[in-house]
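The following pair of complexes shares a single chain, chain A, combined with chain B in the former and chain C in the latter.
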Partner chain A sequence: MTDANMPRTARTTRTIRCDYLARVEGEGALYVRIRDGCLQDVKLKIFEPPRFFEALLRGRRHLEAPDITARICGICPVAYQMSACHAIENALGITVGGPLRELRRLLYCGEWIESHVLHVFMLHAPDFLGYESAIHMARDHGDLVQMGLRLKKIGNDIGALLGGREIHPINVRVGGFYRVPERRELQRLVEDLTWACDAAEKAARWVATLPFPDFEQDYEYVALRHPAEYPFNEGRLVSSGALDIAVSEYEQCFVEEHVAHSNALHSAMRGRGAYFVGPLARYSLNFARLTARAQHVARACGLGETCWNPFQSIIVRCIETLYACEEALRIIASYERPERPFVDAPAFPGRGFGCTEAPRGILYHRYQLADDGTITDARIVPPTAQNQKTIENDLRGLVPRYLDLSDSELQWRCEQAIRNYDPCISCATHFLRLDVDRGGAAAVP
Partner chain B sequence: MARLRKPKLAVWKFSSCDGCQLSLLDCESELLAVAGAIDIANFPEASRAVTGGPYDLSLVEGSITTPHDAERIHRVRRLSRFLVSIGACATAGGIQALRNFKDVRDFTAMVYARPEYIDTLARSTPIADHVPVDFELRGCPISKAQLLEVASAFLNSRRPNVPTYSVCMECKRKGATCVLVASTTPCLGPVTQAGCGALCPSYHRGCYGCFGPMENANTDSLNQRWQALGASAADLVLAYRTFNACAPAFRDAAAGLDAERRP
Partner chain C sequence: MTSGRCGSEPPAVLVIGVGNAWRGDDGFGLVVAEALADSLPEVAVKTASGDGAALMSEWEGAELVIIVDAVRSGAAPGTLHRLDASAGPLPPDSLRCSSHAFGVAEAIELSRALGTMPRRLVVHGVSGQTFAAGTDLSPPVRDAVGPLLKRIRDEVAALTLARESAGHR
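Up next is the complex of A and B:
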């Protein structure tokens, strides 16, 4: 990194603008201001139009929360359905256990596989190899892209079978499911999932050979931790600092701020500031709960029990994909069809909290219910909103090291660093535009 | 006319969840074949590479909710030979059109601490309210099979084969038991356009209207049926007011029930 530290353009000013950050979900922009070779300001701007979900949930019935909140995000609808169900169930005082709980984990495995593989092969890997898209990459790496597409499809097949369809599944309800599958229906997934484990391992070993910048930051990782499982739906919220709280204490420890440049609220840990959610945080806080094979492959890919380089999140996504495939096989092997597809969820007044691990990190929901189950208040904190400050911090750390790059190369490097987080701006409200202002008159704030 | 070049496709996003454009990336088995047959010229969610217009086919996802987007859709129209709006947001305003029944300033204040930072229109409206649209593809989300059918139809100068009959037709064809008759489960299937493959009834739940109203939907008759099952006018209003709340037939049905409730 020696020559990268030498600002080639000291005392000159340049403005770089990228009107649309591609290969992210939603609409955002990045603004970078450089004066005389010094980085002055970084803003991740989210101009995805707000959709006011928390407001439009008021007056809706408690059983509608999973179907309505799924529409916040077409990439991770299952995460919204899971957090909504858990929060409503918490308010009603019911718990869902046994095979129904296992089926929820299985559905989440499907979403993790689909979402991670989409990001690894179609959104992120092309950055490391200098391709504009996976379709461009497929011209030189056809077999790998084909493998990724098949792997992604297997994740979607789980969603289609268990959820009815991949995007906005129809089969999830407060208390469980509308219909639970027969053993033999799930058995049909076994052959593909067995192939998928090997494909996920191959993907991990391949992405581990990509060129990674030597870049680590002092992050505070936050994720769920469960005594026995790699976390999906349940656990305590823990951090690489001293945090260890119940989900119901979330709002005492985390605050949201509204800043002028973003339609997504910025999250911060009270008294501590930026924090980091998502695959790197989960992995680093839960390594011991991965399967033996996932741990072995992670080590073979050069990862330790924790990983602090956000660019290597692409490897961790592959490790989590491998885990999800193995976990899906475990659930299917031990599945006994429950007699009833759901636990009754009669209306009951109260307040409930839920937090589950969306592919991009923790997703918090809180609902207040009236006597007849009507939702009177709702609060939703998506993972990308929580990572916004950390993304800006990464860019502050990264840009000074790459000032010698041309404008277009610097822009691409910044985009890649943003894509490390697989930002889902649809969730955070929602397209990225990059302005690098090196002090020219055309600067757009 | 012989085509000397691959047709150019553009995908545009307005206010939405990204799910409908993701449907294109979810065509895993067909994606590389599609990319071979057409030039994916502008699809930011999938590629950094953008080729300028005009485009042979634009797929437009999302509803219009900001003054900027109300301008931008006109530019998209000018650049597009055919414009197809995809999904409940683009064809009916989406779930975010629930604001149309309230004062959006209250909504902003409920969600955001500094409402003055938010630039939003009072109503969420479908694409066809702003520019001429060549075809509206329904669904929340759209069906992948219908998306491929519509894209293929427009690029081959033929009419898309997308049925406008009800979910009931799909249910019968599938041999699914009628949940409304057999288990007295309230179901919007009789007034909802087909396209999902009668998913909900196949999973033992009532249809909740993702594909919006069918052609000539008889909502009055369905209302009576639901009320005979014990549903209240309030239940029906909520059922019509979801992802296609501002599709005319659902909007009018809910407004009628609302008026009865509050004479």
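Up next is the complex of A and C:
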């Protein structure tokens, strides 16, 4: 660490070091090198060990993919189950419609609610208000934190009802579910969800009052787009550029590459480079598909139909939480219990593609199945891996504006910017290390 | 898993075993919870993966909460630790390293900040030897199960006695 009492001008190089970035999911570090007052290098280093899930899947039965891949993440297991189911079903040539499809959307609502609310209240809001953590924030904003905890629990309750338990659901299968709920079981959620709509609106209006840095970048947003729905499970992959492709064309348009400083592969759009997935991309590409209330609240929070300030992702997460609560109520109101909890999924050789909207953005799966359904090849591209280049680009844009800040203040701002993406480093391959190297004799070697 | 008394009223005594059965000594809390559920029918026993928000809702309204978890410490594997969270903040980094950003220690401190802590909250920990993949406890940690069960039974008995002499039923 540099000597805080040393005049800035006397330095040639500055290093800021954050050994472990807290309040992100997974283990990573940030390295920032500044020479003679100019930013020279930014690296988001992910040292979470690679977990080889794609290799682990080879030789397993096609029906096992949802349960194996759910283990990739404890925060967004539903996303892994959904992408796996859709990809395997695509390979088998079956489609899941009607109430089973609706129940999948409902399960996803639960995951978005619990994941978004955890991030907004426990991980990100403290950054904006200058609190070291949610615990410190709770002493001054106890009512809001309590509201967040209750909201999160409602999301978890949906997951527990449909998934069999809150973390790593066990009730999802290729073709549908092992058990589907009775109408009255879902009805029990209505009172809580009605409260949750109001709470999510209140949360959105509150986070909209937080101080936002004036920071916009020229992003290429990528998200699913469905003709009629705000996207969870289905749609075409579109971008704020010219992209408009079927999910099966993903690997023709996106590449993964290994970089030395990260155990997570970096994604890039062929010929175009970095791109941005997650709530801001979904919102900006699908505003018209939000409910009237969610649109109204977004406008009341000062957002337009697109939003280019990544710090405002905290507002968009609240808008998406409101949407998820409303969507859950809509699904419950029209639910008719299907006669069978799943459609048959007999083994069939082929290749299948799936992409769904995890809380953090698009999650792509591709499987190759042998005649007996054995998985012979698998490819999984999680959202955080796709956002790595964009996170680094944000820091390249941000750090030069804040060079006058002390190392600790600069580190704070960098961490806040990284948390705009709610990065799930475990998924991409739990602490982030930050090194800011400003050079000079006082710098750490 | 939930066993023991159930009903609408919060339990007087709640034991929560925290851990992951697939990560070696991290399964300690679950093993202890299972043994207690069989031997202490008057106590509510639950297991948890360590998600902080879920823990907070589990212990809401309970009078005495006992959490059993594996801990990281410099002590020899199998060493038992008793941390009285009601008395003050837990030592930083004492609890098991969690993949979740919001775990046991955070839940306790957040509860304290919000004024929703149970009247008594005690954490019983064991120093783990291995947290690698696998379902077996290491021998020193397995040997610590029996002594901890006795400690917890004694603690529950003392509380029950205190409640009875204070006129509770």
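Operating definition for what follows: the second predicted complex is superposed on the first by the 426 of 445 C-alpha atoms of A that agree within 3 Å, B and C clash if a C-alpha of one lies under 4 Å from a C-alpha of the other, contacts with A are read in each partner's own complex, and residues count from 1 in each chain.
The criterion applied here is as follows: contacts are C-beta pairs under 8 Å (C-beta built on N, C-alpha and C of every residue); 3 or more make two chains touch, one makes a residue touch a chain.
Worth saying up front: this structure is predicted, and the values here are computed from it rather than measured.
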- Looking at the overlay on chain A, is there a clash between chain B and chain C, or do the two fit? clash
- Message: Quick one: is A:L56 in contact with chain B, with chain C, with both, or with neither? Answer first, second, both or neither.
- Response: first
- Contacts of A:H258 with chain B and chain C, given as first, second, both or neither: first
- Message: With both complexes overlaid on chain A, does A:E132 touch chain B (first), chain C (second), both or neither?
- Response: first
- Is A:E415 touching the first partner chain B, the second partner chain C, both, or neither of them? first
- Query: Looking at the overlay, does A:E166 come into contact with chain B only (first), chain C only (second), both, or neither?
  - Reply: both
- Message: Looking at A:Y178, would you say it contacts chain B, chain C, both, or neither? Reply first, second, both or neither.
- Response: first
- Message: If we overlay the two complexes on their shared chain A, which of chain B and chain C does A:K153 touch? Say first, second, both or neither.
- Response: both
- First (chain B), second (chain C), both or neither touched by A:A300: neither
- Task: After superposing the two complexes, find the one stretch in chain B that runs into chain C, choosing from 75-83, 201-209 or 219-227.
- Result: 75-83
- Message: Based on the A-chain superposition described above, do chain B and chain C contact any of the same residues on chain A, and if so which?
- Response: 22-26, 74-75, 118, 122, 133-136, 138, 142, 145-146, 149, 152-153, 156, 166-167, 426, 430
- Which residues of chain C touch chain A in the complex? 49, 51, 53-54, 56-57, 97-102, 106, 109-110, 112-116
- Sites on chain B touched by chain A in the complex: 13-23, 25-26, 28-29, 31-32, 35, 40, 44-50, 65-66, 69, 94-96, 98-99, 102, 104, 106-108, 110-114, 117-118, 120, 140-141, 196, 199-200, 202-205, 208, 210, 238, 242-243
- Interfacial residue positions of chain A with respect to chain C in the complex: 22-26, 74-75, 118, 122-123, 133-136, 138-139, 142, 145-146, 149, 152-153, 156, 166-167, 426, 430
- Message: Under the definition above, what is the set of chain A residues touching chain B in their complex?
- Response: 20-27, 48-56, 58, 60-61, 64, 67-68, 71-75, 77, 118, 122, 132-136, 138, 142, 145-146, 149-150, 152-153, 156, 164-168, 170-171, 173, 177-179, 256-260, 263, 265, 341, 412, 415, 424, 426, 430-431
